[in-house]
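Same chain, two partners: subunit A is paired with subunit B first, then with subunit C.
And now, the complex of A and B:
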């Protein structure tokens, strides 16, 4: 039954306490991101007060203000939206490319496998950050392009993992049985093999979200982010000149990034426990 | 009556690093509607490869059909495209595999697997397909079929799984069903039930049944006609009673002698066949069985015996048997 399966899945996930902590953290960040337009209805990039007010020093600005006098709390909240969206969509892009490439390579084998895996290795040899910066430099500093760029550099491990899973599943008898029923290749790949291969891929994808957030932060830190939206990396980048006096400008978004990435990693572990059939009956 | 399935001098080769191996060498076989033909032989004699070749499911590479024809209701399946072949598989000709526990998709409920098999060749809504699925499960005698629809394969026993596999195989009412060692992975008691079930379904639908097995007990219970294969070739073909009564090929006699039986008179050890099946890369010039055959003489080692009809409805490829029959004045070529 679908309901009891979901309950069972939740039970296995919850057995990993750290994963629960991760889930609570992510839900908090998510809540914060969703609530941002109501909590801070005005443009977060507006100058609203005196510059460099320290956190907890003023009731109006609980997390202080930056060097221009912008509200850090507002920027962190709105930045959470940007950062989570980029992380999510970049991971989605990466998973889509990775699964398609890995699945086709393993399923069709032969020269298709050779060609696709050499193609994958080509991407692996280019240093990731430089590759992202190059793509952003070519396409432009817009949030969509950054998302695509991060997706394009992070798909390779997903492709390799999917290929490995497909290779072990491709020659299983049930696949042969599906062929003997007259099913086509695409159908067998998508409907029959993929559900079996998905659990480890989902785990990896959740980790790719964390990686994507770090990439976006790096890009923004270097000043190549979208200038029209606030993001955590950009906050750190803006604050880095004042790091010796007003270090909190970097530290506040830094802690936010750290907690989010940590939370995603913990969730990844929890998913691994919940989805791994070998741990199921323990 | 024209046979529903006609395998005509089928040749399958394995293209390996060790060279081109003749895995199936000129196999001919006819199956009529409603008839059950058993293919027997040791492991590695080409039984399963022949079946896969008929389904056009050979692992390529290394396998490839290099000659012959497979005619289903008169239409040759060897030259048609993969796309056309997909419309034949499951609909006109189905296959059941050895291990039912691994032949079902472990993450999909069986009801859904059945419904998808039905929808593969009969366009209908998923809901209607599920209704048909219940009827099919009832046909293969799965109790409480409706509730079983949501079960996953690991919740079923081996016998139940094989029943589900059979239900999937007959979902689109194929004209030919190939069962590749359908009971090898099952308990003896379940074996009998599954064989019984297949016979009943066959009687109801009139489909032709090809059973591939190395278990002569299964052959005796189900088959009308038997084909004995050795090293990729057919060495004997006979109606089932005749084969058990008077096996003509020394290899068939060896197989029968190596079969345990509760009613065996003389007790003692089972007679085994000395030696091994020769490697496909190293087939002798003469009869492939000569090295293990007690009756082999010089001609057997230098020349390959062809199939000949020594008794009505019976084919054998053996020089020794031929000679013996001639000596006894039995009708040759009748």
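And now, the complex of A and C:
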């Protein structure tokens, strides 16, 4: 039965053309990220040619070179790895925090719910980018800190959704049955309720990846990212001083960010529609 | 109504306390002693001065005493002193705050204007080419990083076409009267506010379209039509009014993000607000200033949130009744 449900789900997803476009796009980005070390085996930050060659002007540098003569295509391909990894791990962090907070709030109810939701509200109030920059300022510009910081500012919607899902499941008969059998709270939450509550949460997490990528790109655009990794935001930041003559240096990585975020959003929407087929007809 | 307002405003207090505690926790997490970093950055070497500062920041006392001292100093509006600007942190922030608030308000205004109009248009012309174009635009602006959009708009409208200034808030070295000055600021604001606002416009357009379509199907709309009201009248007076509620909710939830977004936009356009200040402070490791911006920024968002909630109550009598 589980298999046929998955097939049905995939079929519904595949009928959504926008979502398929998203899927193809993200697979392309993923392909570039994985193939980067083979396509551009040398250090992408190495100077390889004349500076400021425009895109499509030279066969050797399809996306042109920057102000120092570095290959933009190589930097974009290598940047894809950073961007995707940060997005993924930040979203994992956010999901972990959000699910724990939301699940505990709904399951235990009462003052625990009240306290945890106030906590959630606190993180909703704090201007998120300012918080990320504060963490970076205090802990330092390391990729791990930035990833966790982005996760810490994006978990609130996940907590709210998990709480709502858990609230509808908490008093169902199968949960009561588990309780009367003497099962522990943690086991009921993890093994019984969570699997039922997870699908919409996963959909939201995929959208959080998109948000996380935008955050990270802002941080590295400001020049506050990890100086040891190439990322798309930083490429835009580096190219900013040359917008009068060579604006393509900013444009190319920006298009890459936009397409990736767009693809993730389309997939998220598609998953959402496939999960709630009734909503789609509206 | 006054009691409701008072109660809603009182809810801000625990939030602000939470932010202060969080800031304090962040300081404690700093590698090494934050105090050492601070004094090193600000090049305080005089041992007598060090001892005075050590006592001032309560470094020689247990953590919980430090926490209460910190909370107390923030409540009494003492955010410390910034050696970089040679002025109290609070003064510097308050001086920069108006520019950011103006930019945020302009961005929100653009977002509402563009987003609501586009959403209404899409819902009235549902499943036509208009609807599709608007959806496409929304998907595009929802994915484009605002700072990149800002740079691209600068290239087009400021560098290539020369219609608008590249950055800053005022033209320098020009005699202006009040009206000219206002117009000048507005001209400088067009690009940053649009770059910041378009992302939210995309969100509002999508939400507005969905909520319009949902309300179009409700019984009272059919009744209004049956009463003989024109389609336009029903759309504006009945559907639009009700459909705005989710947009207002969203607006309240996103204020913190707008403030965060303006940090980056200010960096792109050299807008002299909180964002530029924060950027400069992060770069120079001016911690009292960074934490001051974090705390005051949160207060601004909390107060604005409460205002949005109260506005919501005005818009939706059902909530007022509760």
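What we mean here is this: the second predicted complex is superposed on the first by the 270 of 282 C-alpha atoms of A that agree within 3 Å, B and C clash if a C-alpha of one lies under 4 Å from a C-alpha of the other, contacts with A are read in each partner's own complex, and residues count from 1 in each chain.
Heads up, the rule we're going with is that a residue touches a chain if its C-beta (ideal position, glycine included) is under 8 Å from a C-beta of that chain, and two chains touch if they have at least 3 such contacts.
Keep in mind that what you see is a predicted model, and the values were worked out from it rather than measured.
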item	value
Touching partner for A:173 - first (subunit B), second (subunit C), both, neither	first
More subunit A residues in contact - subunit B or subunit C	C
Subunit B versus subunit C as contact partner of A:130, first or second or both or neither	second
Touched partner set for A:181, first subunit B, second subunit C, both or neither	first
Touching partner for A:191 - first (subunit B), second (subunit C), both, neither	first
Touching residues on subunit A, where the partner in the complex is subunit C	18, 118-119, 121-122, 124-140, 210, 214, 217-218, 221-222, 224, 233, 236, 240, 243-244, 247, 250-251, 254, 257-259, 261-262, 265-266, 282
Footprint of subunit A on subunit C - complex, ascending	14-15, 18-19, 22-23, 26-27, 29-31, 34, 139-140, 142-145, 147-148, 151-152, 154-155, 159, 210, 213-214, 253, 256-257, 259-261, 263-264, 267-268, 278-279, 281-283, 285, 287, 290-291, 293-294, 297-298, 301-302, 305
Residue ranges of subunit A touching subunit B (in the complex, touch as defined)	1, 172-174, 176-184, 191-192, 195-196
Residues of subunit B touching subunit A in the complex	55, 57, 86-91, 94-95, 97-99, 102-108, 116-117, 120-121, 150, 165, 168-169, 171
